[in-house]
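To keep things simple, chains are lettered A, B and C as they appear, and every chain counts its residues starting from 1.
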Amino acid sequence: MHAVAADGVWKYFGDYPALRGAGLEVSRGSCVALIGRNGAGKTTLLRILAGLSKPSKGTIAIDGRIGYLGHGIGVYDDLSAVENLMLFGRLAGLPNPKESALAALEHVGLTRVKDGLAREFSRGMRQRLAIARAFLHNPDLLLLDEPFTSLDDRAIAVLQQLLTEARKRGSTIVMSTHQIREAMELASDVALLERGRIVFSGPRSNEMTLDPGFLYRTYGEGSSGEVRA
Amino acid sequence: MREKIIYSLGILGTILLVYNFYNIFLVIPIDALQGAIYRIIFIHVPAAITAFSFYGVAVVASIAFLVRKNFWWDSLAVSAVEVGTMFTLVNLATGSIWGRVEWGIWWAWDARMTSQLMCFLLYLGYLLMRPAIAEPQQRGIMSAVLAIFAAADIPIVVMAIRLHNVRTQHPGPVLETGGLAPVYWPPFLIGIVCFLLLGSAMILVRLHQESSHREIDSLRRELHAI
Amino acid sequence: MAALAIAGKDLRTEWRTRESLNSAVSFALVILVLFSFAFDLDREERLAISGGLLWLVYAFAGALIVNRSFAREVPNDCLEVLTSSVRGWSIFLGKSVACFVLLLLVELISLPIFGLFYNIRWTGSFFALALVMALSTWGITVVGTALSAITVNVRLRELMLPVLLYPLMIPLLIGAMEMTTGLLNGNAVLSDIRLLIVYDVMFTAISLYLIEFILVI
């Protein structure tokens, strides 16, 4: 049973197809780096997987609870850090929201400011709070949309640590990025999204890690590479 | 093919309209009680019936759009609402004129006219909201939901107004009292038919315009994506 | 329950900033004052318009409050997180309950002020009045919250929402106004209760069903 099974997904905005029959299978416990240029459809695909958007055509099958980290931070400015996490803990149905919230804050290094309102936080602190929110309920499936973009060093370290721990727990991760280097360190698999289609999907190889442009040259549009599922 | 249908509907409707007007204004004997202005009933009531028919089409199209997600239904909904609103305006205007001539006031807040005014306001909101949403899918869905809300509101509006509006008497609903003399039925029915025909022709024209808009929009997006 | 958590969150954040509460109460006050300048009425006339005036004020305040309902989810993209975490109807129900509480609070604050300015006694049939207020307020908040969700991403939201809301509310307001005038005049007749109940049930059902279409596009 795959953690994510997307088949023939089309998404139209008006008459413009942002996704043209994208298909993706992600086995449980793997970490997929979803690579693509701006406008390729990464955000659209992730939002559909997270249940925020309905595909115009195609099927999506998701197994397990979802933790979503999109472009927006997704925390309430007028609630404190611990109140924010307790809210999301309740929404996720956690048995002891307060305990989980405090543990999560500990993990991201925000325990000292747990009662501070989110609006008073610095940008880096808000990002760490957002990360705490996404990982709070130990989701089986993590959907992260360009998570490393504009993070400060501390936040990057926290995120990398949480991702590693999540992988050890057996969670599945789908992470979109166009910063290939960071993604390659963590990913077990790679998928290339080009103009709404998954043109490559498979395990990460050494060539990909050493040479970021390799993927685009080999499998991107205009290349001679075939589609490998 | 489509154009042929539009033309034939339009021409047939216009012929009937001309014939009917000739009938109404020159042939039919006037009502002894109400005088010449009574003739306006042949425009006033068919306009209301036509408007309601098209509002019905709009709500069906809206539900169909939510279920099937085909933009043709969305185009049909907005076309039907526009043409229906136009006929509602005709109804309101003729009703107002009738009131002015008959009782000396332009607007009497009687139950029927007030209900019609409410319909007008509800669907006016629909028409105002549409241009404010740029993305077609979102616009279609929000419009469809709003159309369903409006349609659900209408029976309750009628119920509420009927409970409270006893101020003035709308000229006796002729259909209910059965007071429409036999000589009046043909122009009345023909009036309904010709409004429906003309309205349908207008809807088809509008439908075509909508699909052209969508095509231009998508071409524009493709161009920007390159 | 998720809906209650969301309602609690809305109420808590509102209590911290008191944005919509303050603006709604101030607005209600200003309207009440303005109307007293607009018309010079004797006691009988004041009693005759009492229900109408009161519910006009409540309707305006209601529009302000429901406008904020989904608008408060826009900063930081919180609506996305909510939508991916819980079902649409939980979000809708939670927000409707929060708006209901806030609007009822504004109404209860405005009522004594109204009684003061217009010299109208409202304590006589308070429970019947409270019932009318509760049912009508629920109708306003349910339709208003649904429209708030619809217009959250629409241009000129603050303008568009009232334009859409007031026509839809009219039957509810008619019933509320008539009954309130009757109650303030001393007739304890709840003739239009059925109208309010039909309205509430119908629009709650429709909104709960359609909210998924609105939130997940």
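Keep this in mind: a contact is a pair of C-beta atoms (placed from the backbone, for glycine too) under 8 Å apart; a residue touches a chain by one contact, two chains touch by 3 or more.
Here the structure is a predicted model, which is why all the values come from computation and not from measurement.
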Remark   = The larger set of C-beta contacts, choosing between B-C and A-B, lies at B-C
Ask   = Of all chains present, which has the mean Cα position farthest from that of subunit C?
value = A
Distance between chain centroids, defined by C-alpha means - subunit A, subunit C (Å) = 39
Note = subunit A to subunit B, mean C-alpha position gap in Å, rounds to 50
Note = Here the gap between subunit B and subunit C, centre to centre from mean Cα coordinates and rounded to Å, is 31
Query = Of all residues in subunit B, which are in touch with two or more distinct other chains?
reply = 137
Query = Using the touch rule from the top of the page, what residues of subunit C touch 2 or more other chains?
reply = 217
Note = As the complex stands, subunit B meets subunit A at residues 69, 135-137, 214-215, 217-218, 221-222, 225
Contact set on subunit C toward subunit A in their complex = 2, 5-6, 9, 12-13, 16-17, 75-78, 80-86, 216-217
Request  = Mind listing the subunit C positions that touch subunit B in their complex?
outcome  = 143, 146, 150-151, 153-156, 160, 163-164, 166-168, 170-172, 174-175, 178, 191-192, 195, 198-199, 202-203, 206, 210, 213-214, 217
Task = Please name which positions on subunit B make contact with subunit C in the complex.
result = 66, 118, 121-122, 124-125, 128-129, 132-134, 137-138, 141-142, 144-146, 148-150, 152-153, 156-157, 159-161, 163-164
Key: Contact footprint of subunit B on subunit A as seen in their complex   = 12-16, 39, 56
